[in-house]
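Worksheet: the structure to be examined is printed underneath.
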Amino acid sequence: MAKTNGRRTIKTDFLARVEGEGAMRVVIRDGSVDDVELRIYEPPRFFEAFLRGRSFMEAPDITARICGICPVAYQLSACNAMEDAFGITVDGPIRHLRRLLYCGEWIESHALHVFLLHAPDFLGYESAPAMARDHPELVAQGLELKKAGNQVMTVVGGREIHPVNVRVGGFYRAPSRRELLTLVAPLERAREIALDTVRLAASLPCPELELDHELVALRQEGEYAIERGRIVSSGGRDFTPREFDEHIVEEHVERSNALHAGLVDGTTYLVGPIARFNLGFDELTPLARGAAADAGLVPPSRNPFRSIVVRSVELVHACDEALRLISAYEPPDRPFVDVEPRAAAGFGATEAPRGLLWHRYELDEEGTILDARIVPPTSQNQRAIEHDLRWFVERYADLPDAELGLRCEQAIRNHDPCISCATHFLELEVDRR
Amino acid sequence: MAAPRKKKLAVWKFASCDGCQLSLLDCEDELLPLAGEVEIAHFLEASSGVVAGPYDLSLVEGSITTPEDAERIQHVRRVSRRLVTIGACATAGGIQALRNFADVKDFMSVVYATPEYVSTLETSTPISAHVPVDYELHGCPINKHQLLEVLSAYLNERRPAIPSYSVCIECKRRGNVCVMVAHGTPCLGPVTHAGCGAICPSYHRGCYGCFGPMESPNTASLAGWMQRLGSSKRDLLRSFRTYHAAAEPFREESEAHG
Amino acid sequence: MKLIEQPALDRLLEALVARGYRLVGPTIADGAIVYEEIRSTADLPAGWTDEQEAGTYRLSRRDDDALFGYAVGPQSWKRLLHPPSVTLFRARRNGEAELELVDDTEEPEPMAFIGVRSCDLHAIAKLDRVFLGGRFVNPEYEARRGRVFVVAVNCGVAASTCFCVSMGTGPRASFGYDIALTEVLEDGRRHYLAEAGTERGKELLHGLPGREATVGEVEGGERVVERTAESMGRHLDTEGLPELLAESRDHPRWDEVAERCLTCGNCTMVCPTCFCTTVEDVTDLTGTEAERRQVWDSCFTLDFSYLHGGGVRSSPRGRYRHWLTHKLGTWHDQFGSSGCVGCGRCIAWCPVGIDITEEAAALREEPK
Amino acid sequence: MAEAAPASLFFPTAYRIRRRRRETADTWTLELEPAAGGEVLRFAPGQFTMVYAFGAGEVPISISGDPERTDRLVHTIRVAGATTRAICSVKRGGVLGIRGPYGTAWPVERAEGGDLVIAAGGIGLAPLRPALYTALERRDAFRRVVLLYGGRSPDQLLYTSEVERWRAAGADVHVTVDRAGDQWRGPVGVVTTLLERADFDPATATALVCGPEVMMRFTAAGLVASGVPPQRVHLSLERNMKCALGQCGRCQFGPVFVCGDGPVFSYEAIEPLLAVPEL
């Protein structure tokens, strides 16, 4: 961090506690913000390129490798897209199992973010293990919650990272009732912890900030949308994943060499927990809705620093929902629906823990992938994140550099950016000074 | 007697999905005891505190795909007493090594509007292609129990007890019914390195080789049998060309069906 | 010899449960007949059979409702008597000077094996020889083994992979059972001929509803077994086999089979007599708790013969040769009989269909 | 703590290291006694125990002490890998697990009335030392007692401080090294070269041989060529072993188990097997 005649540059070379590796650069000239940049120097891995020529059956497993934090999101968005292309619907117990698996990923990922990545910011620690020295029970609870999510993924998916059980059309094997029942006790315990977490998160000090981005999330009547739904926005937009391109464009922004997603009319938008919460509050389970209300969280709630509370509410919801799905579970007769490939384009979207994840494939008559496009949440949020940063720096430019740097990092972490996901579309700029 | 100095652990990331380092955070029951045993000196995914090297043990995730990373790994090696690669990317180049079979410029133009800005190498290579590696832990992703075994082995100065035989041995110990013999499902288990606990067959699918080649893989014989089960040449090429596409035995076999 | 019907079989199972036995028997899971906990004859694979070939196993429907109308599946009783993973002991360390060794072996629970085939009775006898009949008696094995009640079944069908007749191990149960059953299906009727092999077997049998079989009925049971013996799918010429193997160590056939063998170890895992193990040492992160675990191993792994400086059997050829030679040859030297009981599991469950009978026969051919 | 009766054959007895002595750069001799007191296990020369180092593993190690000195168990161990390294790094006062003894013994008594030839290579002297002690204690029962010992270099020789004592007790000791330094005045070459130097009567001799497998093959063949009957030449073999009980299957050497039928075999019995690669 350097200060030269009225020009201040705050640089964090490695953003810690985000998934993947990135950096942030803020340039302040004469007290006002000149430039804000979130840089990503994750090396590109070219998923869209090497998906060409692969079989549609391989897409769930291959795209899972884009991100080890939210593999289920990739697997199920890919499945949705393939099923859309081939004109099949997956419903009943198979869909419920998918939703259960996805709840597991939400629990795991949100608990990771809330307890291990984000809470240390609020409480002033560099890491969860450091925080554990003063707050051992807090970290232990977070880990227990996280573990319950991982257990769901292990039972339904086979393992916690890159589960093996997901296939186009459903699952390779449907778990037995008995297997699922082993999850009840840990999930009940997790739900208790999640309720405590809402209270705790709501008590954390937090700066006032109201976002004016348009909020975009999936919505599905009768349920808090996770693994399916239409895309809706706070600005009244409502479209199917197939119509994504008519509403959302990825722009080339010269300044940052990055592709930023925006709405066609140029509006900045935000996906993720805050968007979901505001657009789907009425569909939360009563318990989750009640917990949110008790914590003073009701829509509209647009403060990104409150995202930790929203995630906690979603934790309650995911545990509650998982328990409901388990108690209603009857194994399907067959674990998957038969799939007949045909030449077509398919579109699929689901709600990854970090927000809307959209896939599009073009396939030939044998189901070989001709073209693939994937738009993950972090790419969609990049513009909003930079916007928040700018707002924040303008407001708190008086803070000493070190302090401001940390605060900025926190502002970024509000959105839990997953840089691993982002890299296969973001231009990278290597800056290692 | 003074308490012995805690060993310093560092976690590094190259081109990867973060899943293998996440495995460390997935050790929910062991994470805090581990933090008590070692000084987690460099682990960006989990901590903003960075303690300067040298480090007693470095876990390296990810493959080398850019000129900058090729330099950075040299630095990592210099500051690490022991260097252990974790996962398919670091150990074999990962799924991104599919670029090794194509022209990377074509790949770039598929993904990027302005490919000139992208700095990347022609190939994705494992860490061992750049620096000496003390131990390679297999898996895409690694198995967290094996990660703990590696950690406790290095903390206690012993060799990790990690077998390199086939997935079949784990599969049979587990009591699974063989999916290849009983269902006719092609399975890479016989040529794949153990470690996952034979998850895929337990879920009624064939192993897809995410732990890479086992100690003495006879891929040609297995490929012949898979053909009898109905795999086409293209299926075989795809089967051997995934997360360990660049591991020698799998590379050769995939090219035999190219 | 007593003649009983299916309800009496259920009575037998109930009586065993009442005496504290956990029932383990054939049932269908994941497309195969496996040995798992059962509760009644309703859990048995009624009306199912298995079609086996080298590298292939498929369930198919019979045109009757026989309870035991199939051969052996992927598992054997070895799994229960010599489990795939056993904790040997645990150790705790307090500094270097104190090492606490903890043996917390638990008393095994009594088990009743339902539907043991003759080849498997022989296989159990071979395991007994290894663990109880050598220089050291293995107390854990002895404890498990001593708590087993055996209900054998004489085979009514042979799979195409069976060759017990060649090995002199079947298809009729001749020893090692408490009760032996023969399933007789005639004129659309189904009944069981039951005979006791032990006092406790006799006592249990006595309490079951049924009647003494007539001479004709007993002969009907004999015919079942004879038909099975005549329909063996495979044959192995055992004449002078150990000597042949000892002389064939340089035979080119080993190179041919090594081209196909995957060194995957499946054959050794499914073999009901393969007993080899390794020991895994694990410690916790703090280095204060350690555990030693014995797990099934295979002579197909490189570690099996590892000596400082390199493995003894590093080539696939050396490993396959060792396996086949041990099964059919050196087992005689070590334990006084063949190590193979002709169950055919290794043939069916080899992923590339390598056939022990074919390989042994090929060694009799003069090298070309 | 009251020790429960060991149910498992794998259950070791805790032995405490009461003395440690560095023999060479990588080899240590450990003197052990039962940590809880009580009798030290009794053994015959050539037998081995399974030595367990906490968390690291358990390996076969020959007993290298004097069978008559029943107050201690002595092992000489070369660091070959992880387990032996762990064993050798346990300090004085530290505890190891021991079970045994296992295996066959050197037939020292069969040499009585004739010459006894002991040929050792490297760490192979450790399992032979008990046989030498036994022979020297009853020196009169034998005609000549000859020790032929080869090491890689002078600083890798074991028990050098005892050599003079052995000579004084009536042993004819010949030592050779593969690579000599400036200080070395003895012979240079492999152990087999000592066969010509040594004075013994092949017709009455009994030979005990231990060392690397190649060394044993050549030495045994040399002994037989010089006229020692093959049934009176004995070798000690090494194979991977996890149980030493004949139940893990790993130490099979064709028809025999090294742990129980060996490790000491007569050359006559195993000569044909030694010639088979990958047996």
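The first chain written gets the first letter, and so on, giving A, B, C and D; residue counts start at 1 in each chain.
Rule of thumb we're sticking to: contacts are C-beta pairs under 8 Å (C-beta built on N, C-alpha and C of every residue); 3 or more make two chains touch, one makes a residue touch a chain.
This one's a predicted model, so the numbers in the text were calculated from it and none came from an experiment.
When each chain is reduced to the mean of its CA atoms, the one lying nearest the mean of all protein CA atoms is B. Counting C-beta pairs in contact, the chain pair with the highest total is A-B. Rounded to whole angstrom units, the spacing between the C-alpha centres of chain C and chain D is 40.
Work out the mean CA point of chain A and of chain B, and you get 25 Å between them. In whole angstrom, the spacing between the mean C-alpha positions of chain A and chain D is 65.
Chain B and chain C have centres, each the mean of its CA atoms, that are 37 Å apart.
Of all residues in chain C, those touching 2 or more other chains are 281-283, 287, 297, 303, listed in ascending order. Across the assembly, chain B contributes residues 156, 204 that each touch 2 or more other chains. Touching two or more other chains at once is no residue of chain A.
Taken pairwise by the contact criterion, the protein chains fit none of the simple patterns, being neither a path, a ring, a star nor fully connected. Counting only pairs that meet the touch rule, the chains in contact are A-B, B-C, B-D, C-D. Residues 88-89, 91, 93, 96-101, 103, 105, 130-131, 134-136, 138-140, 246, 249, 275-279, 281-283, 287, 290, 292, 294, 297, 299, 303-308, 312-315, 317-318, 321-322, 325-326, 330, 333-334 of chain C are the ones touching chain D in the complex.
Interface residues of chain B, counted against chain D in their complex, comprise 156-159. Interface residues of chain A facing chain B in the complex, by the touch rule stated above, are 14-21, 42-50, 52, 54-55, 58, 61-62, 65-69, 71, 112, 116-117, 120, 126-130, 132, 136, 139-140, 143-144, 146-147, 150, 158-162, 164-165, 167, 171-173, 252, 257, 259, 335, 409, 420, 424-425, 427-430, 432. Residue ranges on chain D touching chain C, taken from their complex, read 1, 4, 6-12, 14, 16, 35, 52, 54-58, 80-81, 90-91, 93-97, 238-240, 242-243, 245-250, 252, 254-257, 260, 276-279. Interface residues of chain B facing chain A in the complex, by the touch rule stated above, are 13-23, 25-26, 28-29, 31-32, 35, 40, 43-50, 65-66, 68-69, 72, 94-96, 98-99, 102, 104, 106-108, 110-114, 117-120, 124, 140-141, 144, 196, 199-200, 202-205, 208, 210, 238, 242-243.
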